[in-house]
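Presented sequentially are two complexes of chain A, the first with chain B as partner and the second with chain C.
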Partner chain A sequence: MTVIEDLAPPPKVEVRPRGVSRRERWQRRLPLLPALIYTIVVTQIPFLVTLYYSFQSYFWNTTAPAHFNGVSNYKTVFTTPAFRSALWRSVVMTAAAVIIAMILGVALAVLLDRKFFGRGVVRTLLITPFLIMPAAAALVWAGPMLDPNFGLLNYLLAPFGVHHVAWLSTHALGSVIVVMIWQWTPFMTLIVLAGLQSQPPDVLEAAKVDGAGAFATFRELTLPHLRPYIELGILLGSIYLVNVFDQVRLMTNGGPGTATTNLPFYLYQQVNYAFDIGGAAATGVVTVILTIIVATFALRMFARVFRFEEAV
Partner chain B sequence: MTAVPLRALRAREPGSRRLREVSGKVGWTVLAWVVAIAFFLPVLWMVLTAFKPESAAETWPPRFTFSPTLAEFRLVFSGWGPYVTHSVIATIGSTILVLLLGVPAAYALSVHPVGRWRDGLFFFISTKMLPIVAAIGPLYVIALKTHLLDSIWVLIILYTAMNLPLAIWMIRSFMLEVPSELLEAAELDGAGRIREITGVILPVISPGLVSTALICVIFAWNELFLALNLTVTNAATMPMYLISSVPQEGLYIAHLSAAATVASVPVIIVGWIAQRSLVRGLAMGAIK
Partner chain C sequence: MAQVRYVSASRVYGKNAPPAVDALDLEIRDGEFMVLVGPSGSGKTTALRMLAGLEPLDAGRVEIGERDVTFVPPKDRDIAMVFQNYALYPQKTVAQNMGFALKMQGVPKDERDRRVREAARLLDLDDQMLDRKPRQLSGGQRQRVAMGRAIVREPRVFLMDEPLSNLDAKLRVQTRSQIAELQRRLGITTVYVTHDQVEAMTMGHRVAVLARGKLQQCATPRELYDNPVNQFVAGFIGSPAMNLQTVPLTDGGARLAGTVLPLPAAVRTAASQAGLGELVAGIRPEHLHLANGSGELAGEVLLVEDLGADALLHVRLAGDADPVVARTEGRTPPAPGQQVTFHVQPDDIFAFHPVTGARLAG
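Presenting the complex of A and B:
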């Protein structure tokens, strides 16, 4: 890799532009406005509409117009176990995938953080799972890799006494999580590797001179140094993985039963199979509220990682 | 008595240490290669299976030798036309729009920052945390009522919103690195804001812009959830072509593998070429 410096330096212009004229202020604002207005319109209006429909009874497969039905959609959300179990599954899938991918990522980054024959090729091979289209990854895992009758995995595991396991029916949740881990470990590896390579070598030299063992050096010096990188990886990984849909839809279709139904898939079912816009909207509103609570902490973490604490 | 073995030991010592070092190095190299190949194996298997005749793709034990055929690729290339067209339009259209909106916004948040630039940055990134899936029902209704359902525009509009926050953070991090002497020199020359952007900043950050665009391309090309919910035929994209390549019955594994290979390879190659800037981009400019 090329030289990797530390995390983003504080911006050059730190002071608030005080004493700039009104005209100047608008000149500064103007370039921001298109993107700001675009983002507000496209990302915020759908949520306002979601809020509206969450109080309506509306099934898009009927001609009956939407009508106000109070909080009954919310009652359904909180009384049906389906929402709670989908929520819980989202949490389990995201947490398991992010944590295991990060542990593997740290291990692989340590492995890649020294010169050896063919390092560039190894790195290139390792990042490939992250680049493959998630839909393609899901279908290739579901068929050629995990099929009970001709899947490659059963063949490779046969010497270990595994015989024609139907992974997607017996270990559905685990299989989906494995594919998520497979796709996101490369990402974690790259971020942690960037952290490892930004470590000042003289500090490590000094530790060596002082007679510190490799493991102690890693625990006492390297891990603390890696902390912001690990936090960043976990944060970004969670943002993407909590929305994971392709693998669920294409590997298990949420099943067997509801064994792999996470929130995105549950919402997809409400809209596409139950035609229930009102119910999906209420589920969505509750999801957003929960997300905002989590995101408040996440944003604080962002601020710390990007070193402008005063922002939040 | 003791002197002889000691001398012998001393003589042997450097050699054995070197041996240990060499074997450690070999072990390390082998381990790294084994892990890399294990991670790459499903991709390799996908590509191999794509070249199999359908009858050789679903065998036990799996076949590693076979007479390769391009039959499945031919089938893919005869069927993917509309899907790949929609994907290319949605991907390139949204990426251009992201850059058009993102460059000025990043400029307003870095070079001559607006008053509350931190709030601006955090607003953009917070939209990335709101799960779009939560609004999918109402999005469907909005698309229906605005006649955007099953049109390529709905994908362009939403993919732009999806990638814009990431792009703004990235482009901003590149703009912060433009040497201030350059900007001051331009100011002394009396260059206006637009000349400052086009004449000074854009040439300096163009490699950064390319990697920003590549990341937007990857995310838009791979997107399935919105496409699946909001399009049917007129704007169905490549991931949906993959789904359609799995029939209800009959052998399909080789065909599916060929379709998955064709759909993934462009992005994989782009990613391989851009792997260094990819890290920085995905970390939103936090890592250089």
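Presenting the complex of A and C:
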């Protein structure tokens, strides 16, 4: 009896529930339409407008009307050293911030992944930087923290012979990166902590019985287990941090010189200082394309993380 | 190769909770297959984890091969453990899983490969399987890899925590005999935890029965079956379970189902010494012999479970006693509703103290 049942083919799974007419399906989706239209209006139309202007010569500080000038804006984008250096600085800032934030995040997550008195308080305090508005954080760092004369950092370093360092002038790029790290370490900690807590405890016990010490267990088992979480954190962090603007604008204003001018700030300068709408539009389009490339990798990684979760 | 000793080992989880393991004294001989069995919450797994070093002791000590290991971390105890859910390392291949302990010991790669292959052969794991990840394996294969990981070590003691509970019934019976056979061949001291008394009886050289954190009895399977020291062991060992009925005492024996069952003199003496008016009588299902109308116990058949070789009769005895189960020959069982009588040998009746559950001399 059971054998016969086992041999019977499994029932076919209908992708579309039977008996739901075309009309009914439309009725179900109709309430989503306003959101879709809104999304198109606020994202796709501005993009199309940007695309249009990127082929125009259009300056706000002249009375000349906008006129089509082919791909010359794009030529400028790819030939001017300012764009390349801004691009390179974006890459350096993002990579340094994300990688260091991730290393710190893993370390903090490992420390948090054990029971101790006051863990809840410590966890909340550690997460706080992520909850602060980037602009507010930038202002706090630029003023009370890094001020050459009254800054907390100089005060704390004074006993070690460090006096009146103008961090934002002498170590501008480093200072901005530090603030980015400060703000993004909690995010990495949370993601890695979720990964650590999803590790089955009996695997760790098996490792103990198998004679692995704490360090070997971490290297051989925990780190491979965390890999998809670390990848996810790095990619999400990169997507956000490549667009960092608040800290640059408020702490260093892109300077000294162009020492902290990244892509978003360069774009901002093109519009607000050079009034070059066409050039800025072309830079924006190139930036979007580069971002899409990164985002595509990120989405693939998402898919991988979910596959991984399913398989385990 | 080593003997294992628990000396008054205790583990208490909560401040006011009763101990999970209460002053356990147990000696496991070198090369012995010892099964810890008991219902859930009996402390059998905790006892095993104490031996593994995964659970600290609150009192007493644990020894492996004459050495006190109470405060020795798991990695220095030279033990191997098979976990209930196998706890394979998901990112490592089967071969890496099996060779992990050796890698941690710093065994060179060639030697590691050789020993992994040897263990794989012993467990019928073919070579291509060695390169797979655990998630690509079936439950039975995972179980064998977990066994393999333990064997490769050549440890002094094997610890197994319900390793068969995730397998289907047929595979479980098959693997049961394989593990017992493997243990006999390797001769490594083994402590095996299970809640399944059939596993305990078929695999163990000796079986330790635990209940509520206390050791009830530790003996060979045969001894446990023939001579349970108390009502708990009597009821736990044996399938179907022993029929246990509280019965009033009379001059010559115990009153059950309207008749007087004769009890051995020793039991009667013990009962009167304890000043008991009643006791718990236990009769195993196979000791209720069908006796075509001439038996002393009469009753009505409620249900017949035909197992093929034999049949189980659920019978309501005359009077208001609980139904009892009798094992009878399978070909011609009585039909439900039929009146039957049973004959019982006085020597086959176990008697227990109604309050403490202790066996009354017999």
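Note that the second predicted complex is superposed on the first by the 276 of 312 C-alpha atoms of A that agree within 3 Å, B and C clash if a C-alpha of one lies under 4 Å from a C-alpha of the other, contacts with A are read in each partner's own complex, and residues count from 1 in each chain.
As a working rule, a contact is a pair of C-beta atoms (placed from the backbone, for glycine too) under 8 Å apart; a residue touches a chain by one contact, two chains touch by 3 or more.
The structure displayed is predicted, hence computed values, not measured ones.
Undergrad: Superposed on chain A, are chain B and chain C clashing or fitting side by side?
TA: fit
Undergrad: Just checking: does A:F117 make contact with chain B only, chain C only, both, or neither of them? Give me first, second, both or neither.
TA: Once the two structures are laid over each other on A, A:F117 reaches chain B alone.
Undergrad: Now for A:V176: first (chain B), second (chain C), both, or neither, which partner does it touch?
TA: neither
Undergrad: Among the partners chain B and chain C, which is in contact with a greater number of residues of chain A?
TA: Per-residue touch count on chain A favours B.
Undergrad: Could you tell me if A:D202 is touching chain B, chain C, both of them or neither one (first, second, both, neither)?
TA: Second partner only, chain C.
Undergrad: Name the contact category of A:L190: first (chain B only), second (chain C only), both, or neither.
TA: A:L190 sits against chain B, while chain C stays out of touch.
Undergrad: For A:M251, select first, second, both or neither according to whether it touches chain B, chain C, the two together, or no partner.
TA: neither
Undergrad: If we overlay the two complexes on their shared chain A, which of chain B and chain C does A:M102 touch? Say first, second, both or neither.
TA: neither
Undergrad: Quick check on the superposed pair: does A:L87 touch chain B, chain C, both, or neither? Answer first, second, both or neither.
TA: A:L87: touches no partner chain.
Undergrad: In whole Å, how close do chain B and chain C get at the C-alpha level once superposed?
TA: Superposed model gives a least chain B-chain C C-alpha distance of 7 Å.
Undergrad: Touching chain B and also chain C: which chain A residues?
TA: Of chain A, residues 311-312 contact chain B in one complex and chain C in the other.
Undergrad: Quick one: in the complex, what on chain A touches chain B?
TA: 1-2, 4-5, 7-9, 11-13, 16-17, 25, 27-32, 34-36, 38-39, 42-47, 49-50, 52-53, 58, 60, 108, 111-112, 114, 116-119, 121-137, 139-141, 143-145, 147, 149-152, 155, 182, 185-187, 190-191, 193-195, 198, 229, 232, 236, 239, 242-243, 245-246, 249-250, 263-264, 267-268, 270-272, 276-277, 280-281, 283-285, 287-288, 291-292, 294-295, 298-299, 302-303, 305-306, 308, 310-312
Undergrad: Within the complex, which stretch of chain C touches chain A?
TA: Chain C residues touching chain A: 52-54, 73-77, 79-81, 83-85, 87-92, 100-101, 104-105, 135, 149, 153, 159.
Undergrad: In the complex of these two chains, what residues of chain B are touching chain A?
TA: For this pair, the touching residues of chain B are 25, 28-29, 31-33, 35-37, 39-43, 45-46, 49, 57-62, 100-102, 104-105, 107-115, 118-142, 144, 157-158, 160-161, 164-165, 168, 173, 176, 180, 193, 218, 221-222, 224-225, 228-229, 238-239, 242-243, 246, 252-253, 256-257, 259-261, 263-264, 267-268, 270-272, 275-276, 278-279, 282-288.
Undergrad: Any idea which chain A residues touch chain C in the complex?
TA: For this pair, the touching residues of chain A are 200, 202-203, 205-213, 216, 220-221, 224-225, 227, 311-312.
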